[in-house]
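Next come two complexes built around chain A: one with chain B, the other with chain C.
Take a look at the complex of A and B:
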């Protein structure tokens, strides 16, 4: 476990020493502050709309940071050949994958906390309303969802040749799941066999990332999701994360590094 | 004496992509045995299979046939690498870390406790003369400094066996001298050193035994003194004779 934590620490150190990360980070923070500060004509609908936009921005930025970070981890190790001194130590390839996963996931969590803190401070100072528990739940669920995305991206980084391909493909898949995932069963009903079965299969196979999206609840102040449901969602995410990590390990364990 | 590095009938074949292409053997039944406490030189021209052998020993590539063991443990087991240090030919380290952070990372991987890790890091940075630059990012180091970080990381776990892949390539004379001193020092401490090199003068100076490999086959293995006296020449001439080199004028 010590090895996994040590490798995770390297991922986090790399992230905070890279300039591109700060650009995205500062940009998101600034837009959140600017948009969150707006309160047109004291109209609550517009306030909700602006809050919705800010949360969407946080979602997109967190996804971008997570996918971009995870996608380059193992390819960069191979390209810079830093994997060789590392694997010459008593480190297994499985530990490398878990270390990378943990590092990326923790980094995405840190980014989420900072984004939501900006959002909470800006909206709270305007509305004098602090739904801390709602924000905590939103962060928690989004972070759990980012665990699936991180594992999925690591798998992509082993399968696809270049990190840019992995970023593009994973981002399209994640966006597709978020926008269309929940409607696939309805689409299946309107199609003839065998297409119906194919769409149903996809519907049941894909991880339903939209389950972790509680932005609407936060924006409209609908209250918390039950904690039991959160626990079930965590188990659901853990199963998919575990599956993607297993597939990553299977693909990586015999991969030639030379 | 105990053999702490052993290969038996080791074959490695690279299979090119494409159905009709034949597998190309990089190692052909290599048998090696390195005893505890000796400095062993592994020689051969470019493409002879030296790096492939080291890659197998470190578990980077699996052998096609045969076995390779370190400390009587199959090299595919990560625990086989607990007591070894490895210095690659080029400097492949995280450039966004400082030398101290890099050594701390590897110390953690080897399971060194914090006070012990601190002591080792201080001693090693002093040994490789990087003490003043310990807080600087590795990317700001010169090539020689990066190679010295490499030496320090290879020694972080106080290894019983050190595997060096052309450790002096690209180093200035001072750097080479430093590496030679370190190898001598390790030898005095009873450590085993296995290294590949093209610097035959250096090999002659520091090695107890050498193996010469050519086109994936072991051509000769023996004590440096014996080989030199058998051929009535220096190691360079021995090497050239064994690999069948003929000078232009002889053709």
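Take a look at the complex of A and C:
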């Protein structure tokens, strides 16, 4: 376990050494503050459009940070040839995968905390109340979702040739699931067989990342999601994360490093 | 020749740049037909921005439902609840967006509904909490403003914005919003009628209300026959004349009130009731004489 933590620590250090996070955070802050400074009909209580925009930017930024960080981990080790001394130590390929996953996942969690702290300050200054539990649940669910995305990206980084193609493909897949995932069953019903069965199969196979998107609830003050439902969603995410990590390990185990 | 220090040269160039900028920037703005009244959307999207006007209005309706709103994959909404204004039917029972989801078809959909807004509510009746003290209907206003910024000819967005601003006790903002709408749509009888109503109800300025309603009546008469004889056209004509009649009744000007009531009777779906009002007014005319 110490080996995995050590590998994860290196990835977390990479997060604050690289500029990606800072650029995205400053961009999010600038756009949110600019949007928040607009006064509609001199009403200082109007805040939901700012929350909506800020959460959208947080989601996009978190996905970009997670995918970009996870996609370059193993290819960079191979390209710099640091993978050989790493594996020469008593470190298995499975530990490398787990360490990289844990590091990327924790790094995305740290980024989320910073982003949501900014979100809480901006919205709290307008609304004058802080629904801390709601924000905690939103962070938790988003972080669990980013676990699936991290595992999926690590698999992509083994399968695809370059980090750029991994980033592009994973981002398109994730965006596709987030936009269309929950509607595939409706789309299936409007199609004839055998297309209906094909779409339904895809619907049940894909990881439903949109389950973890509670932005609408946070923006419109719907209150907390039931903790039992959160627990079910966590189990669902754990299953998919495990599956993707297993597939990554199977692909990496037989992969030539030269 | 004495050498000029670089700092002086720099200062000279900066001064020249600033002077030239003050000369050219105002002129450059008019080269593309732009004016100071152009908003950022016109600069960014040109005339294509009008396409987004309806999307902004839909966003206002989605906010009015606190996010419980059908997507393009669900049954479409035929009436926007946020626009159910003058009739006062903002209750949940008549809504076409109510229960658009139906029962969940599978376990993923059932679980998914716990993570999204899953009940039909209206912001003016408290939203998700159902507590009217929590009403935050002002949250729809940015979208209505954006809808009119995107499409200045979107008369319905001005009307809905006026209605909610008036309900939120912001008559000055409602007036400014309607005046902006009238400037962008000079021939709109609807906006002039709303402006007259605002002057009468919120500002208690009968003279100004009369003048604006008369302007609304003139623009209504200038419409083509189809626009006047349509259901909405007839209703608007009735509304203008009946309000003018009530204004004259309040002022004690009964002969003029009778004239307006007779105009109302021609297009009213309920001519008998109007006739009764005419008879009552005529009694006042003869009583006064």
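The working rule: the second predicted complex is superposed on the first by the 241 of 258 C-alpha atoms of A that agree within 3 Å, B and C clash if a C-alpha of one lies under 4 Å from a C-alpha of the other, contacts with A are read in each partner's own complex, and residues count from 1 in each chain.
Here is the rule we use: a residue touches a chain if its C-beta (ideal position, glycine included) is under 8 Å from a C-beta of that chain, and two chains touch if they have at least 3 such contacts.
Computed from a predicted model, the values in this text were never measured in an experiment.
Undergrad: Scan A:91 for contacts with chain B and chain C and give back first, second, both or neither.
TA: Once the two structures are laid over each other on A, A:91 reaches chain B alone.
Undergrad: State whether A:212 touches chain B only (first), chain C only (second), both chains, or neither.
TA: It touches chain C, and chain B stays clear.
Undergrad: Given the superposition on chain A, which partner contacts more residues in chain A: chain B or chain C?
TA: So, of the two partners, C touches more residues of chain A.
Undergrad: Quick one: classify A:186 as touching chain B (first), chain C (second), both or neither.
TA: Only chain C is touched by A:186; chain B is not.
Undergrad: For A:9 in the superposed arrangement: first (chain B), second (chain C), both or neither?
TA: A:9 contacts chain B only, not chain C.
Undergrad: Tell me the contact category for A:204 with respect to chain B and chain C: first, second, both or neither.
TA: second
Undergrad: In the overlay, answer first, second, both or neither for which of chain B and chain C A:82 touches.
TA: first
Undergrad: So in the superposed three-chain picture, is A:221 touching just chain B, just chain C, both, or none of them (first/second/both/neither)?
TA: Only chain C; A:221 stays clear of chain B.
Undergrad: Okay, in this complex, where on chain B does chain A touch?
TA: Checking each residue of chain B against chain A gives 55, 58-62, 78-82, 84, 86, 88, 90, 92-97, 101, 105-106, 108-111, 137, 150, 153, 157, 163.
Undergrad: Could you list, by residue number, the parts of chain C that touch chain A in their complex?
TA: So the residues of chain C touching chain A come out as 63, 66-67, 71, 73-74, 105-106, 108-109, 111-112, 114-117, 127-129, 134, 136, 138-139, 141-143, 145, 165, 170, 173, 177.
Undergrad: Which residues, counting only chain A, touch chain B once they are in their complex?
TA: 2-3, 5-6, 9-10, 13-14, 17-18, 80-92, 254, 256-258
Undergrad: If you look only at chain A, which of its residues touch chain C in the complex?
TA: Touch residues, chain A against chain C: 38, 40-43, 45-49, 141, 182-183, 185-187, 189, 203-204, 208, 210-214, 216-217, 219-223, 225-226, 229, 232-233, 236.
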